[in-house]
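Heads up, there are several structures right after this.
Look at the two complexes coming up: subunit A is in both, with subunit B in one and subunit C in the other.
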Partner chain A sequence: MMSTASIVIALLSFALGALLALLMIPILVWLERRGAGLIQDRLGPNRTNIGGFRLGGVVQSFADVVKLLLKEEYYPNHIKKGRGLLMFAPIITFVSALLAFMVIPFADNIIIDGESLAVQPLPIDYGVLWYLSIGSIGVIGMFFGGWLSHNKYSLLGASRAGSMMIGYELPLGLSVLSLVLTYNSIGFNDMVHWQSQTLFGFLPAWGMIVQPLAGIILIISLFAETNRAPFSVAEGESEIVAGFFTEFTAMKFALYFMGEYVAMNTASAVIITMLFGGYQLPWVDTELLLSNFNNFAFSLMLVIPIFVFIIIKWMKKNNRVRPTVSSDGGRAFETKVLTIALTTMTILVEVILIVLVLFPSDLGSSITVMLFQIATFVVKLMMFNIFFILVRWTLPRFRYDQVQHLGWYYLLPLSIFNIFVTAIVIVIVGV
Partner chain B sequence: MGQRIKTVPRYGNTLKEKLYLPAIYQGMKITFKHLAQNVSDSNAIDTLEYPEEQPTDITSRYRGLHRLTHREDNSIACVACFMCATACPSNCIFIEATPREDGQDEKMPSHFSIDTLECVFCGFCVEACPCDAIRMDTGIFSLTGNNREDFVLDKDKLLSHKGAFGEEKSLARK
Partner chain C sequence: MLENNIFIILSLFLVGGSLGMILFKETIFSAFSFLVAMLALAGEFALLNNSFLFMAQIMVSVGAVVVLGLMVIITLNKQDKNLPNEEHKFLWIIFSTILVLPFSLLLYKALSSLHLSFEETKEGYGTLKMVGETLFSRWVLPFEAVSVLLLSAMVGAITIARKDDYSKKEEK
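Now for the complex of A and B:
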């Protein structure tokens, strides 16, 4: 018999997972284009707006989706067999990336009426296995697409994707293995719990600090797994047109494209959960927040207005045009409305926090802590996504043989070496 | 005579360079600096918000859209000598001559049109003109139209263009 609370939390975390994965796509596409522009001293897309509201240009992504949906459903004439599978291939890639995201804990298990409920769309305690197995299915979609396109470039791209997958799945799995040895668990939530300890009393016991080599190998392998630069050889435009999705158009192409961003988002989530403390801030774990709820609420009451004030100030400075531009295109109005909205929300949050301090209840404080942890998770996720984008616009693409060389000759032996060292240390320390 | 051998240094063999991560860190530092600077003040980015912002760096030597100049009495300066049409490498100037009745010159064009879709904006017509009657100093760099005919500029259109740099009248025909 499931209690109401467990059903509500399950639905909420499922909605949150879907939202974080799907709503992140337009934001990431926008962030990528805008970030590329800003890194290269350009502006990036900043014009598309709905009634003057451009939200920094993020409306562009929605316009793009509308365009892709309305495009002609073009179908290459030379493809005679396997049409159904060709249509299905992008869906495989997209869905596998989406499902792999669903085992990430967004906050610590919330305790309601003595019942511990996981804030995780799929509340399973073998998340690492789920991620490794489901996450690697995506390449099957790429391979179907490349093979059934009957195009040499598609086939080359697909075979590159496949061999990259094999070359990097091994170091990825082995580095994850050494992390599993360290944390003594295959559940993501247990890993985050382990990381909320401290080392020597002051260092946060983040995976990146405890296992730096495994951390670096994991990050590099995930870059290769998600087909991101500098390992984006599977779609090297300069050599093989667009790789496995050369023959794909309209929404079929968009599914591959969006799947890539979902995979990147998933990779970021896995990296922060396994290496950077997940939803926890360093030195502050859930028990500490719950037992010192009043101090926590007071510091939130202080930090949130400062944060919002900085955002509003930044918006007023940047959401306007230079004096030489004839029209501001409704930017002043947008700034005004957003300022009012942000201020109202801040006041609302302050009032809620004051009420929670004045009338303490277990439920209220645990929900506040949960929301705070979700916010921490989202901020960390965005920071790592920006890191992915920064790397893409910094590094040139590796040559295909260099990618293979790096994977097989350096990362694989290093990760095996790391497992040995980890195992020896664990045996000696006797955990 | 001693041999002059220059030893070219080879890079990429030290451990630091082979690790590759320090180089990535260096590169990321540069890109992040640009990102942070531009996020904190996006209006300082040196780009033009075209079309709301128009370029201000067009000099008098810029070859813009053509114009036909006027005399002091605002009549056309052109004497229909066909020098420009002869010099034109893309054959895009079409002139029909007619006798000039007001006694200032013998001839003037009855039709004068330039097909800007053919024009390569080389400026040879301006060089060839003995009467300073055709110029490219309008500073107009953009021409739009809905069909091909819109891009064939006729005499009235060419006469209506203003010089952007102060010299309005022809300097060779008073």
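Now for the complex of A and C:
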């Protein structure tokens, strides 16, 4: 029989996984457009608002969703058979990206009444295999979409996507294999645990530091797997219109589009979990936080107001129109409301922390540590998503043969070499 | 009860997918039916709590076989008019079904009494860890032999596929 706590934690982590994957899409779309604007020396979408609330322009993404939902479902006339499957193809891509995200641990196993509960939407201990296998289903949706469009460009796009996926699945799997050898586990949570120790007493034992070559190969292959620039040859709008989604409109197109962002989010989550210590801060693991809970709470009480103060200061400085514009479009009002909301939240958090320090309880401290680790995870996730966006808008797209050349001639031999070196080191050191 | 219902639904998908695989004329619909059948089979393994077979099924059958099959379909790019005209297709299927029926009945009888001659499975049977430990302790020699066999098969396939002579190419 399952206890109440385990059911609550399971439901909460499932909801958190769905929220992190789905709510991240509009934020990432907005970030991408603002990031592109930053690099191309313009502003990007920043004016859409609901009653003066712009939130920096995030509202634009919701407007886009409404537009895509209301758009006409259009099928090209030459598509006679397989419209159902054509409709279903983007769903395969989207769902596989979403499912692959569900094995990422958002915080350490929380212990309630002596029961260890995983904060992971799908609490399985072979997460790496799950990610590799489910993640490779996504390309099947691109195949169906490309073939059923009955269009040369779509066909070319689909075959490019497929052969690139096959070419980069191997270095991905092999670099993951050398990481698995290092961590001696195929569970994501065990990997994070391994990474929370230190090397030589001062370096955090992050995968990127222990296995730099495997880390770089993993990051490059994941860039290719997500079909994003500089590996976006499957779309390649300057060569083959838009690749496999040339004939897709409205929500069908949006599912491919959102699937790309979910896949990018998943790739970031996998990178930080396998290479950058996951939900843990360096040098500070879960036991340390729990055993020194009072110190931890005091430092949180100090850091949070400073952080909020800087955010409010930054918002007051930037959330305004040029002096030549007469109406500020409700921006002063937005700043005021957000300032009040942020201040209230900070005071609330401080009060809760004070109560937890004055009346210590195991449950309260472990929940606080869990929330802190979730926050750390989200911050790291956002940092890596921004890295993805910066790379996309900095590097030009590789030519198709260059992409294949890089995968087969450099990454594959290097990853096999890395496995040999790792295995020899493990045999010698005897870990 | 719930397990039974899930089993029946998955089996329907499996049988439907297998039928669709041979009945559809267009290759792409056959490929989709194959995908459905393979996923349903993976679901059956998951229902048995056999995580190794479940993961292997998705990884090998879906991630490799279906993807490579689709790759072949797209590369060949057969148009509808080039597909063979299969006359009396259903007659053939009914005929061959009747032909293999006695064998299927025999197989059913043998398989349905098979579980009596085995011990009950232990806790943790079929999990990834257990399979790995067994494979690398009791069966390590056959395992390595199979991997050498696969390697030689791969080298052979590449040699057969690459008939072009390099010395001639360089002359050009």
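Following the convention adopted for this analysis, the second predicted complex is superposed on the first by the 431 of 431 C-alpha atoms of A that agree within 3 Å, B and C clash if a C-alpha of one lies under 4 Å from a C-alpha of the other, contacts with A are read in each partner's own complex, and residues count from 1 in each chain.
We adopt the following convention: a contact is a pair of C-beta atoms (placed from the backbone, for glycine too) under 8 Å apart; a residue touches a chain by one contact, two chains touch by 3 or more.
Values in this document were obtained by computation on a predicted structure and should not be read as measured data.
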Partner chain in contact with A:144 - subunit B first, subunit C second, else both or neither: second
First, second, both or neither for A:317, with subunit B first and subunit C second: first
Touched partner set for A:395, first subunit B, second subunit C, both or neither: first
Partner chain(s) touched by A:124 [first = subunit B, second = subunit C, both, neither]: second
Which superposed partner A:134 touches (first subunit B, second subunit C, both, neither): second
Subunit B versus subunit C as contact partner of A:158, first or second or both or neither: second
Residues on subunit C engaged by subunit A in the complex (per definition of touch): 26, 28-29, 32, 35, 51, 55, 58-59, 62-63, 66-68, 70-71, 73-75, 77, 128
Residues of subunit B touching subunit A in the complex: 21, 24, 27-28, 30-32, 34-35, 38-43, 45-47, 49, 52-53
Touching residues (chain side subunit A, partner subunit C) in the complex: 81-82, 85, 124, 126, 129-130, 132-134, 136-137, 139-140, 143-144, 146-148, 155, 158-159, 162-163, 165-166, 169, 186
Sites on subunit A touched by subunit B in the complex: 35, 38-43, 216, 314, 317-318, 320-322, 324-327, 329, 390-391, 393-395
